[in-house]
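Heads up, the next two complexes both have subunit A, just with different partners, subunit B and then subunit C.
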Partner chain A sequence: MESKNMSEQQEISLSILKKRWLKFKTLRRGYYSFIIILTLYILSWFLPILINNRALVVSYEGDLYFPVFSGYHAGSVFHQDVPGEAVYRELKAEWKQADSENWLIMPPYPYSPYEDITVQGNKMFEEPSSTHWLGTDNTGRDVFSRLCYAFNISISFALILSTLNYFIGILIGGSMGYFGGKFDLIFQRLIEIWSSLPMLFVIIIISSIIRPTFFLLIFIYTIVNWIGMTYLMRAEFYREKSKDYVAAALSMGQTNFKVMFKHILPNSLVPVITYFPFSVVGGITALVSLDYLGFGMPPPTPSWGQMLDVGLSNIPKWWMVFAPVSAQFVTLIMVVFIGEAVREAFDPKVYSRLR
Partner chain B sequence: MSNNTLVDVKNLSVHFPVYGGVFSKRIATVKAVDGINFSIDRKQIVGMVGESGCGKTTVGRAMINILRHVAPGVEIGGSIEYHFGDEVVDFAKLSSSEVRKYRSRVQMIFQDPYASLNPRMTVAQIISEPLQLHTDMNNKEQTERVGWLLNKVGLQPEQAKRYPHEFSGGQRQRVGIARALATNPDLIICDEPVSALDVSIQAQVINLMLDLQEEFDVSYLFIAHDLSVVEHISDKIAVMYLGDMAEYGNAQDVYHHPRHPYSKALLSAVPLPDPSRKNRKRIVLQGDVPTPLNKPSGCAFRTRCPIAQPSCAESKPEFKEQAKDHFVACPLVEDN
Partner chain C sequence: MTTYFIRRILLMIPTFLGSTILIFVILQMAPGGPLERTIQQLQAGAMQQGESVGSVGDIMGGGSSVLPESALRELKRFYGFDKPIYQRYMIWLGIWPRETKHREVEFKDGAIELQKNVGRGNYMTLKLEGEKVGVYNSDGTISEIWKAAIDKDASKDGKLLATIFQSEFSGILTGNLGTSYTYDQPVTDVMAPRFKISMFFGLTGMFLSYLVCIPLGIRKALNHGSAFDFLSSVVIFVAYSIPGFALGGVLLVLFGGGSFWDVFPLGGFRSPTEVWETLSVWGQIKDQLWHAVLPIIAWSIGSFAGLTVLMKNSLLENISQDYIRTAFAKGLQEKRVIWVHAIRNSVIPIASGIGGVIGVVIAGSYLIEKVFNIDGFGKMGFQAILDRDYPITLGFLVIVVVIRLIANILSDIALATVDPRIRFR
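What follows is the complex of A and B.
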């Protein structure tokens, strides 16, 4: 009895957001997906030391080298008879065989997403094996390695894109809903014109004129996508501003800026938060389709869309289709799980808790 | 006008334009308030009654100057002159930046205790917000003041850390009262402060408000939709009908000797076991309140008035002092 009272007492003064978070944690599927995706994404920032063809440390004739960080070392530096950069995997094998005093440490998975048939020992379309977990592609690049690097790019792209859209949406949509009047009217017409443009064509035209980069693509997609969030925020701010707590804040002399961001925004966060995972899904899919069509990231950037393109034109090399499709599938479904759980956590209706 | 006047509302009108069509042209006007006159003295309670939709909230919002925020195109006419010490400030004309420094002096208690407290803020944050804006108290002083105010409105200072959703409607309304009192205002607009509450706690909250009014020397504009709530707490009563003021005078006069046909009808509906008026006839008004989008010409009440004459459609009846301090907008009852 005592302890029940205690826990009730503690629960009683949690902010709504904290309560939602606690509820989210109880929704296992979404919560674990969140943990997995978050861990993978954080790990993916350390890919250069996890998946790379450059050695982490080389000890050669008493000197230490750190190729992962210092970059290019010609093969001749280590007396390796190869054109161009040293092939550390082979060096390692040679030195081991010769029982040499020199040694080196490779990353756990010693293939980079960029090394192709020009590097000694690489072959096109190798089948999955213990060395190449998911085989190699049409130019001899390791598929698993490319898959992992593409994960980082996809998620980063989607996150930055969504955040930027949110930023613009909250700023413009929020002002439209809050101030109303002429400002609202002008932007509404602007948005109507804007949304009637065939945006896919616009993107394709732009990317065929300028060679797209990561940030250019984000910029282009933001130009297309800001409208959705803007409309959502406009509606939210419009609804909230007529509530009496806003009138109360205004009547005590709070500035418009404070009213918008201290009072209204925290009350408009539910759609913002619940929509975010789905916005990320949209971002990931957008990048994949552009890459697939060949208007996305410039080669040789590792990307799921480009891999899918190669795979679909070489169907018998099943791993080239299987790898990007399943990576995408798993990623998207986990993000959707997160989205569902978030939505449920924010659902004020009691019956959802009975499930 | 006496020296004691706190606010003088003269010929106040509030018109909301209505836009429509492809080019968002102005297609109509909601005459929510259409030229009303009244005044509130210091430490006075003025009750304002009228059916829902007759413009009471709009009057209140005009008096705290927030209409322009809610409806950017609103047209406000007339004047709302506050007498703060030697300063005379017309809230109807000030821009929102000019009015800011006077904001602490006029506060509002809202009708809906659920919508009027920000659900994302703790009670402490809600009540200390006006303190942050209008005083230079530090955090510790603010906390003390919040605790003190909570005590005054009958809540525990320990409840300051809680969120609004952990309180009942009556408790929330107390929080709203504490917030309104935080900066020691001269006037509090109470917009139907108890009509959303359980009947069982309405009296408690009203009594609390009366005690606080004495203690804080504040004036109230007490808005309600039925006369019985206002009668025994008000010094003066204003009766509104469709954006117009039908009658305004001392509470006793208006309550016991109503002149305007609308006030009479309102009063006849009050279910009080008052022996002196046991034989009164219940006047049931015919029809619905017309919309302020399309007000009847002349006297707005004529479509439902039991004693209406053809002349009532011609011109708007003068709001005239028919007896001492007793203003009535109906020429037909002048000789009673």
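What follows is the complex of A and C.
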């Protein structure tokens, strides 16, 4: 009996979700942005084989090498006269010129985000050209390559950050709204104290003490950033708590935990979902700001903020400013489009005309 | 209503104490503080002179070191690290006596009385009285200005060291924010001119964005779905997706004369003082505005999108309400219905946001100040963190916190003024 009810319930909630998804699909601006971002993000996980200075396959004197996967091969392995690692781009040119039997396949864009001026043939501040699509930076690294890798890092950062914030925000905000009373009062005071601090400064202070890594930075940012979600969830849980289905569930002997997360949470998901894309926007912007100030990812991690910093200290090198700002802009505007469409699909507001 | 605001203001006190304790603890716990920095610098100086030195740990531990112990004690006293953290916090607040004008004395060979020159030829007599040290004027009366205490940490190996000092209550509650380590000036003197600069940009930016956003939002709501609405929405999306400082960077590259047009200066609040002083009053105004155009655009863009959309949605929501239909039904003109009835209710959310805007405008602008190299309030705070200049960092954070708390109350007051229905309890 109960299981039948459950499945019916699921069917109904599924159909609501489906309806919303169908509505979302009709909002083309948001839907296409979603497809593009998703594709780019998935592609960005394959960047090592798309944008890299290591060859995909090398056939040298009958042996096959896969430097992208196997990593470091000294130049001497291929009888190339360079110190340290083999320079595959030059190797390719050499072999082509000599018409040798050896061959290698480079990734479509053969520059790594980390190879700087110490690698032969790289120059500082090269203008955009057909070889370096967006030029090179102050240490001779390829801007386009760094831009792409930074895209992956930015999106991952924002996604993990938002998810964590949501998790904590729902847990604390939900409990505040659900239990109320002293618990609510104490946490409200704590939140008021915590939110009166200028957060970016707190992060800078913490980051200047410990050099953050990717996950440490997410952790630090979560500590200061979970508050926004608690307000929303507190209000939602507070409202839902007084409804009949909660009383019914409680009278049937459901535990508080089950009532909160099995019954109330699904009913308060609309603000959670509609707010998510904007939370991602916030995450990306935060990372760029921190990197720009020099308190973000440890160098030489590719990042838009760090590139912007280089660009703004060398104003005539316009591509160093335009490239990261455009990348950030395009990414953010697509996420905003998604957010707007999601809001429209989940929480439609129909305004009547004047009369 | 009055009781509500009095309660709100009283509630500010625990919040203020809570956040300052938090800031204080975070800063004081941080390794690499000013004391360690100074020691490192002294050590580096000694290294250059070719002396062999141990690590910082050695010096701190008082082992073989270049710094004599008395110098180390002096440094600790200067940075206030000779006291436990709760005392330091209370001294900083101004509710625990602050000790100044330290002088060290040593009771040699079991002596229980000695004389110390405290400047201008004044001699004080110090007498050992059990665990305490009494200070007497030359005429034998007990001194009211000078106090003395045995320095227990320093008294070792049969030596008996004491310090003589003056004490006063002086902290942020008495308006004393301390003296900056890096500028070597009172913190308030360092802050005042920079705060003015940030206020100039912040308030101008805020004023301009309200001036643009409210009419724009109204127009968009009235022409909802029109071509104008669509086009301005595009602008709003663009504005929302580009952070102010990034836009500032782009503007600088375009108009700062690097590779494109040379229209505006590359940064700074105004021309350098040498140039500034030669200008006429009219020239000074022009110079100031010429420097301010780009930063203010960057400043305003942050609140532009949010404010416009807020205004538009709020008006749209109000227009679809029943009381508007009633107003039309009883034969009022459209102009009157919108401008008197609908607008009045629609600016309520904008009014409640004003406090938040003030807080952000004054404190949240260091990114833009950094891009345009404006020596403002935010940049000062940022630099102080880098330099470990604790008096400035603390003073900066305290002011930001206070501004935020006041801004919150201002929001409520604005809300209550605009919306007479609201009754706070």
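Heads up, the rule we're going with is that the second predicted complex is superposed on the first by the 333 of 355 C-alpha atoms of A that agree within 3 Å, B and C clash if a C-alpha of one lies under 4 Å from a C-alpha of the other, contacts with A are read in each partner's own complex, and residues count from 1 in each chain.
Definition applied: a residue touches a chain if its C-beta (ideal position, glycine included) is under 8 Å from a C-beta of that chain, and two chains touch if they have at least 3 such contacts.
Note that the coordinates shown come from a computational prediction; the quantities given were computed from them, not determined experimentally.
Enquirer: Check subunit A with both subunit B and subunit C modelled on it and let me know: fit or clash.
Expert: With subunit A aligned, subunit B clears subunit C, so fit.
Enquirer: Look at A:336 in the shared chain and tell me whether it touches subunit B only, subunit C only, both, or neither; answer first, second, both or neither.
Expert: A:336: touches subunit C, not subunit B.
Enquirer: Touch check for A:209: first (subunit B), second (subunit C), both, or neither?
Expert: second
Enquirer: Contact-wise, after the overlay, does A:201 reach subunit B, subunit C, both or neither (first, second, both, neither)?
Expert: second
Enquirer: With both complexes overlaid on chain A, does A:82 touch subunit B (first), subunit C (second), both or neither?
Expert: neither
Enquirer: Give one of first, second, both or neither to describe whether A:322 is in contact with subunit B, with subunit C, with both, or with none.
Expert: Second partner only.
Enquirer: If you stack the two complexes on chain A, which partner ends up touching A:248: first (subunit B), second (subunit C), both, or neither?
Expert: Once the two structures are laid over each other on A, A:248 reaches subunit B alone.
Enquirer: May I ask you to name which of subunit B and subunit C touches more residues of subunit A?
Expert: Touching more of subunit A: C.
Enquirer: Tell me the contact category for A:160 with respect to subunit B and subunit C: first, second, both or neither.
Expert: In the superposition, A:160 contacts neither subunit B nor subunit C.
Enquirer: Rounded to the nearest Å, state the minimum C-alpha distance from subunit B to subunit C in the superposed three-chain model.
Expert: 6
Enquirer: Which parts of subunit A are in contact with subunit B and also with subunit C?
Expert: none
Enquirer: Which of the residues in subunit C come into contact with subunit A in the complex?
Expert: 14-15, 18-19, 22-23, 26-27, 30-32, 224, 237-238, 240-243, 245-247, 249-250, 252-253, 256, 258-260, 266, 313, 316-317, 319-320, 324-325, 328, 334, 363-364, 366-367, 370-371, 381-382, 385-386, 393, 397, 400-401, 404-405
Enquirer: Contact residues on subunit B for subunit A in the complex?
Expert: Answer in residue numbers: 24, 61, 64-66, 69-70, 72-73, 96, 99-101, 103-104, 106-108, 110-112, 115-120, 122, 129-130, 133-134, 161-163, 165-166, 176, 179, 183.
Enquirer: Which of the residues in subunit A end up touching subunit C in this complex?
Expert: 189-190, 192-194, 196-198, 200-202, 204-206, 208-209, 281, 285, 288-289, 292-293, 308, 311-312, 315-318, 321-322, 324-325, 328-329, 332-333, 336-337, 349, 351-352, 354-355
Enquirer: Under the definition above, what is the set of subunit A residues touching subunit B in their complex?
Expert: Touch list, subunit A to subunit B: 12-13, 15-17, 179-181, 185, 241-254, 256, 263, 266-267.
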